[in-house]
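Presented below is the structure to which this report refers.
Chains: A, B, C and D, in written order; residue numbering restarts at 1 for each.
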């Protein structure tokens, strides 16, 4: 932590800061500039942060130097990228994976048809929500446990691992029984009890970035899971909030190469929700793969215009095969292998 | 819902949309412009929204006309503002209230001293967190149940109603036993199970706006609580995320007069977290009151530089009395009464 | 400038950075932490910045320590606030001023009526645009020189100093002949030739913050004017761009107390453009004054519903007197005197 | 334009709006919903907009239906994409082009070396700034006319067309003499006199999106140029401002497929400024091409660590050839031809 003093801070103000830094066992290292003095506090980040020096007399501002996450950092794994293996499907490192399926589990027929399409085209996992976070209390909230049973059936039929969302910690056992990967939605990225409990469950986690979460906050959320001994975390960018009114969300593809420099965890892109519109999904998916993403999670529906939820952004089943061929080429451009199971 | 067709949409595309609108029992009303046709769908908002017409052939975009919230709207109460009464303290309508206390419950002594200061100066309620949402899993997470017991003691000593945060639905009973107002934090604004359960508890709720929540989303979150029959919802603006790097959060004071035109619910401003700095708290509080807010929630600490958490933004106890006098004058300027209990 | 090295940076990488820092005459001061080394470069900010060390081997990132603006900083004037005097009207320090008038100069009658209203109520200056920046090339672009002549006439009749916008450097002489304060619009905040020329003109400047300009960028824009020897700069916050769809712009009132800690220059708030709606102008104005602003610039129109431009946000003339009385009370709350000429 | 009335608007308020709509020659078309009445105003957009109905009694809000730009719209060209031809190099439609070179023209040697590298690798145009917009008045502002002469020499030597920035309308003739494409920077996107004059010059224009400009505003800025009869406009996305602190700017790649649905104009991506870091430039470039961009503009420097400006983000000359091969593959994935001159 660097403590930048104000112009004109007095010697006794500087001394007081140094004293407090040393009081928590940290070293204080003073750089005297012409106008401003900077005090480097070398020691435990949390201890120094807890001193609350931002308010101290003569202090202008604080600059953290060390990253606040440890287990999620690329340095922690000495630059080796994590490969998460889910029922034989690899994602991360050189392995690219596609997770596809309907937004919501809405009926047995739709789910099984979608699952078969996804499998036939060569996607690696099946997505589908039994519990749906909805802005409006008057909207359809998902089939709940009945939906979980249908996902279980789809898995049995196709052999595809299941990715499905958990919203309430009280549903953890039920979801964990069916899910191969537990999805935590953007609105729950900082739901710390959920993160901790999912960490303890040991199940692979797909952790979506909050609508206005910084990359550092995303990695700190992952740290909550990793800290419980669960190393199988997939980070997912799904669109952030900006001022631009013509998008539902602004898909932040810059996160892909930047996260790759910060963390060893695999990075998955969800283009469907940001786009909100079928025609944008393919170009955004190709861009994600070309930028170096480790996977995409995408909506496919046998008959989007009859979908209960988010139909307009779902890829049409018959076009999904072609989509996957192009995606494969884009992933290869970034040095990834697109595995067929 | 208005359905705006693309330039050059064909008659059969228009007919198809009209047919689908009518299929859910809504009326379709066609406006033919020189370039573009607009179809007004008059009927149940949810039904029409669920048609997923954004993707339909010939459709350019949809424009919702009706507000998605009902119980929270000013029209629902025919323009009459809600007054929430908490153990005899009124907030809303013409009544301004101040909620003050330490960020975190950290020790018996600090809490009781702060509570006495807050009471003596004339604030209406005591705040203090027993459960703290922290970005880092390595930070202090609050005293938990021990903190709740201390809050209970502070209430007994001072008679001040307690405002404290609930983070995990499993802690609801424990928190509800002590709290007079249950606070839901910004990161939980769209934690729908929490909203629903707190709605069912019947306890007054202080609902903080998410870091990048729109006003409409804030009102939809309130709607989750109201829908369960709990009318005592206080909305709280606490700073949003913008591009400006010199603020922790950008306190959105424009929300005050805009929300007053949308909803009957009382509006409380939390200047402390956005400011992150003591010197900004007073001007922001005065601004909030002058803009027409119904209350502020503010951090006060007997000895901020020893605070476990967020000390630099806490008002110093001995200055709190003067702060409250100025706040009173600002609230009066906006036509509010600042009640002494 | 602090140069933060990567974890695992080698000694020779550190040495190379030190060598380059010293090559421009700066001192290098090394803090060796457990994980990371930080090199403080003490010397001319521009020289060090120009080294382009962000890309150097082993460098993680750079942290500037000194503020990039000098003349605009509060320290430069040793904490003494600037008072700008415009034809006998003071603004800044303890002096609050109101600038009011129609958005655009649209006709002789409207302008003169508005000017008289503004003067009778006790505002200090008259605003009105002869050149209007318009998003659309198909919108009315202002009366141009004819508008300037009308402003000149309004000044003669009422004695009020004139605030009017300059958009094109080629119009500088014509505008400077009529204007007592030259307004630079938000879209021109980083129009560097305009800033420089207006700086050279010696005329007082009202400099509007860009739609997404940081406070530092605003102060750097002011620095362009100050550097030419023109000290009469008024900073103006007029709403920034955020994700919130229910505002035209988000009026950033937090800028008021924060700017007061950074600069000696007076701070003016323009609530009309952000609001876009008459009913919001008064609460936002009172909030601005209570937060410590040095003035407001506000739209008043004798008959807003017939205004050529931005009528809906203009205050109605007959209510302007009452508005000004309340504003006076709010300014006094923040320790300002509201002068009558 | 749709005029949405408030709940409870009276019949006489509705009648008054209808009357005003008709007064400018527009048709009024009334949709009466259960709660809310919507009035469609069918006629000239500008005329109706100028009515200022937002403030009228009983009016809740206005919804524009027609797009405000005409010449820039895809519909205007009936879906046919523009191909801009610059000295034999095509960009737009199926043609992908790469514009490369140093950020700033800093010396004869650097410029000529860079130009040769760029040409040898097969890029289509040379970039380089003689006039540089700089946040700080104390930073290097470019070589000005001397820089233009060097660009002219580089063109003679390599035959590459020149892309260079114009900042001040007074420099138009000098710049137009050397430039094959005049670049308008992000900070000048809404400098309307500059747009108009450049439109009149007839020179091809590379128009950069403002830091917080919406796509609609970008297209309106293009409309200022097109309106003067200059059809050769290239739109350039170069990073927008978001809350994310770990990027200089957030490169908005979503703009590529969305703009392709709105406009016929070619879309160029500038990954260098947003990245601010060499390692991010390649993945972002590949992503841009895969998403369907028509070109990239990228910084290349023979010796980035000695660059006067923005060295850390410049590609190293010896790696540029390989970069271009990969970019070619990504562009082909999106159906583009990467032309060699």
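Here is the rule we use: a contact is a pair of C-beta atoms (placed from the backbone, for glycine too) under 8 Å apart; a residue touches a chain by one contact, two chains touch by 3 or more.
Nothing here was measured: the structure is a model prediction, and the numbers come from that model.
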*Go through the assembly and pull out the chains touching chain A as well as chain D.*
B, C
*Specify the chain most distant from chain D by Cα centroid.*
B
*For copies chain A and chain B, work out whether under half or over half of the interface numbers are shared, and give different or same accordingly.*
same
*Would you mind telling me which chain pair, A-C or B-C, is linked by more contacting C-beta pairs?*
B-C
_I'd like to verify one number: the distance from the centre of chain A to the centre of chain C, where each centre is the average of its C-alpha atoms, in whole angstrom._
39
*How far is the middle of chain A from the middle of chain B, if each middle is the mean of its Cα atoms, in Å?*
26
*Could you tell me the distance, in whole angstrom, between the mean C-alpha positions of chain B and chain C?*
31
*List, in ascending order, every residue of chain C touching at least 2 other chains.*
212, 241-243, 245
_In the complex, chain A residues that touch chain B_ = 46, 49-50, 52-56, 68, 133-141, 167-170, 187-188, 190-193, 196, 210-212, 217, 220, 223-224, 227, 241, 276-278, 304-305, 307-313
*Using the touch rule from the top, collect the residues of chain B that touch chain D in their complex.*
2, 4, 7-8, 29, 31-36, 38, 40, 42, 63, 65-66, 75, 212, 241-243, 245
*chain A-facing residues of chain D, complex*: 212, 214-216, 240, 242-247, 250-254, 256-258, 261, 274-275, 279-280, 283-284, 286-292, 326, 329-330, 333-334
